[in-house]
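One chain, chain A, appears in both complexes that follow, with chain B as partner in the first and chain C in the second.
After this line comes the complex of A and B, so read on.
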């Protein structure tokens, strides 16, 4: 049984559903929704590359590309999520005298006590 | 023949899960339920697709195809670990950012609303720098 038309149909269906996921990336409404949509699209791209390799008849070549893409997608998602999470945390305090190295020079502004860090994000919702 | 039927079954099941994931991502009302849809369906559908590919490659058995199937099995194992980890990192970031969650809106007389006036009350606070 020749399965090549079936694989082509699967690849086209995956591509169409990835385009549907792209709506969430474009429409938002928050940054983290966009990151979620891109994570799903990237995971499905690995499947798409494997299917293209099967259709092309050179799976052994495409497997390595798939492995690299899966690793890169995971690292990208983790990095973006950590960056976004860091935005939510309060700002680091001003450098105090005990925290500044002597070689830092006089241009580092040293305060005695750190002011209360403004927290612009964590407001009360209601 | 048997292997072909297994491949078609696995891939069609994976496509069904991916359709469910896409519908969930597009239709669910807030961020947390979208993560719920994406985290499970995405992992399982990818595993099923790649499992079908492994079965198809092992259809003509030789040393090269065994190596290729081994690499694909490594990818399946990796995605099975990495995809829930990435989902957890995303939802952790969103939770620490206090992304608003969806609740059913409340009517004027104090009872809970229904689908008709779903759009009337926006409980979500979206900080201005989130709307980028």
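After this line comes the complex of A and C, so read on.
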């Protein structure tokens, strides 16, 4: 039974689904839409590479690439999410020029004088 | 079953169309994060394209670099430079337009030059008639390496690969020279960095379970490069990506405790040194620089097997350097050079 037309049809279908996700990446109103679109396109790429391998009859060559994608695909998404996480948080107030002199050396922490030890005599009297 | 190039030309058209859309999107979008995401999608598509053209090793490199490293480095750079970007400065607008003109001129010249290139899979092109048949027919018998790409990369064209590794090493060096500084000099910049808040229980659990798998897979890619697509570059990138993932899921300090900056630098230089050292050893044993056949007596194997082992040793050198360079680029770019806190 020749399954090749089935696989080709599947590959074309996935390619068109990828086009839908690409629309979300291009148009997506927020950055989070774009991140999701990219992640889904990555997953579809993984499947498509296997399908091209099956159509070609040399899956063994392509499995390594798909494994690499499966392992690495989410790193970009995590990095984008981290970037967004920092972006979404309120920025700390800008330091005034007077706070840090440009010629100041390494930061020196001004530690308050340690609290005086309790007077042993007074302890006894209590 | 034979591969028929005309079978799926619609594939190519559709993928190329999507790539053009991605490229235009990356230029047109406002924020740097969105542009970085669009280039990430572009990298997926071009990997698909190369897979479709049966350039498996190139596709593997793109898969490793595009999925793991390049977008992360873009984002790290974007975070670093976004502290100084001020919108709508008239002077910068002029520079942007100048850049556009230069880019258009270069693109036009390249498009004009493509007419002289041979067609894809043209059997009558000079490369296919003079050089490739020798590699394909003799490669296995001379180097005992079934994957002809690895044999060409690390044996026949070993000089090129060595200087590629040197270029990668130089890239890390330049980024370090430009960005690395101790934290107290630029305290003002440090103050502007918002703190990262919240717990990452799921991320950390996922990282703990996937990083060992990733590292084993990277070693497999490196050592199996003789038989399947892969090799030093791809294995090194995947191994480096595991440390970048560690830094992303925990924080930069956590990753730097596992793989300290000194160790990274030693690995950067050590891989290049291993590569060049093998070449020098061959030279001292009476053959050409990087002529692995000279190692046959020392290893006690035939000349063919010595070339196979030489390829493996050189690939290990490439892998060490590439892994360390990727980690070093991330450390410097994502933290802005002070190594306090990453992306």
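In this section, the second predicted complex is superposed on the first by the 89 of 126 C-alpha atoms of A that agree within 3 Å, B and C clash if a C-alpha of one lies under 4 Å from a C-alpha of the other, contacts with A are read in each partner's own complex, and residues count from 1 in each chain.
Here is the rule we go by: contacts are C-beta pairs under 8 Å (C-beta built on N, C-alpha and C of every residue); 3 or more make two chains touch, one makes a residue touch a chain.
On a predicted model such as this, the values are computed, not experimentally measured, just so you know.
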Touching partner for A:5 - first (chain B), second (chain C), both, neither: neither
First (chain B), second (chain C), both or neither touched by A:78: both
Touching partner for A:37 - first (chain B), second (chain C), both, neither: both
Chain B versus chain C as contact partner of A:52, first or second or both or neither: second
Which superposed partner A:17 touches (first chain B, second chain C, both, neither): first
Partner chain in contact with A:89 - chain B first, chain C second, else both or neither: both
Touched partner set for A:60, first chain B, second chain C, both or neither: both
Touching both chain B and chain C, residues of chain A: 31, 35, 37, 60, 64, 67, 71, 78, 82, 84-85, 87, 89
Residues of chain A that touch chain B when the two form their complex: 1, 3, 6, 10, 13-14, 17, 20-21, 23-24, 28-33, 35-37, 39-40, 43-44, 46-47, 50-51, 54, 59-60, 63-64, 66-67, 70-71, 74, 77-78, 81-82, 84-85, 87-89, 120-123, 125
Touch list for chain C against partner chain A, complex: 1, 3, 7-8, 10-11, 14-15, 18, 21-22, 25, 31, 33-34, 36-38, 40-41, 44-45, 47-48, 51-52, 54, 56, 59-60, 63-64, 67-68, 71-72, 75-76, 78-79, 184, 187-188, 191-198, 203, 210, 213-214, 217, 221, 228-230, 234, 238, 241, 244-245, 248-249, 343
Chain C contact footprint on chain A (complex, rising order): 8, 11-12, 15, 18-19, 22, 25-26, 31, 34-35, 37-38, 41-42, 45, 48-49, 52-53, 55-57, 60-62, 64-65, 67-69, 71-73, 75-76, 78-80, 82-87, 89-92, 94-95, 100, 104-107
Partner chain A, residues of chain B touching it in the complex: 1, 4, 7-8, 11, 14-15, 18-19, 21-22, 25-26, 31, 34-35, 38, 42-43, 46, 49-50, 53, 56-57, 64, 67-68, 71-72, 74-75, 78-79, 82-83, 85-87, 89-90, 92-94, 96-100, 123, 125-127, 130-132
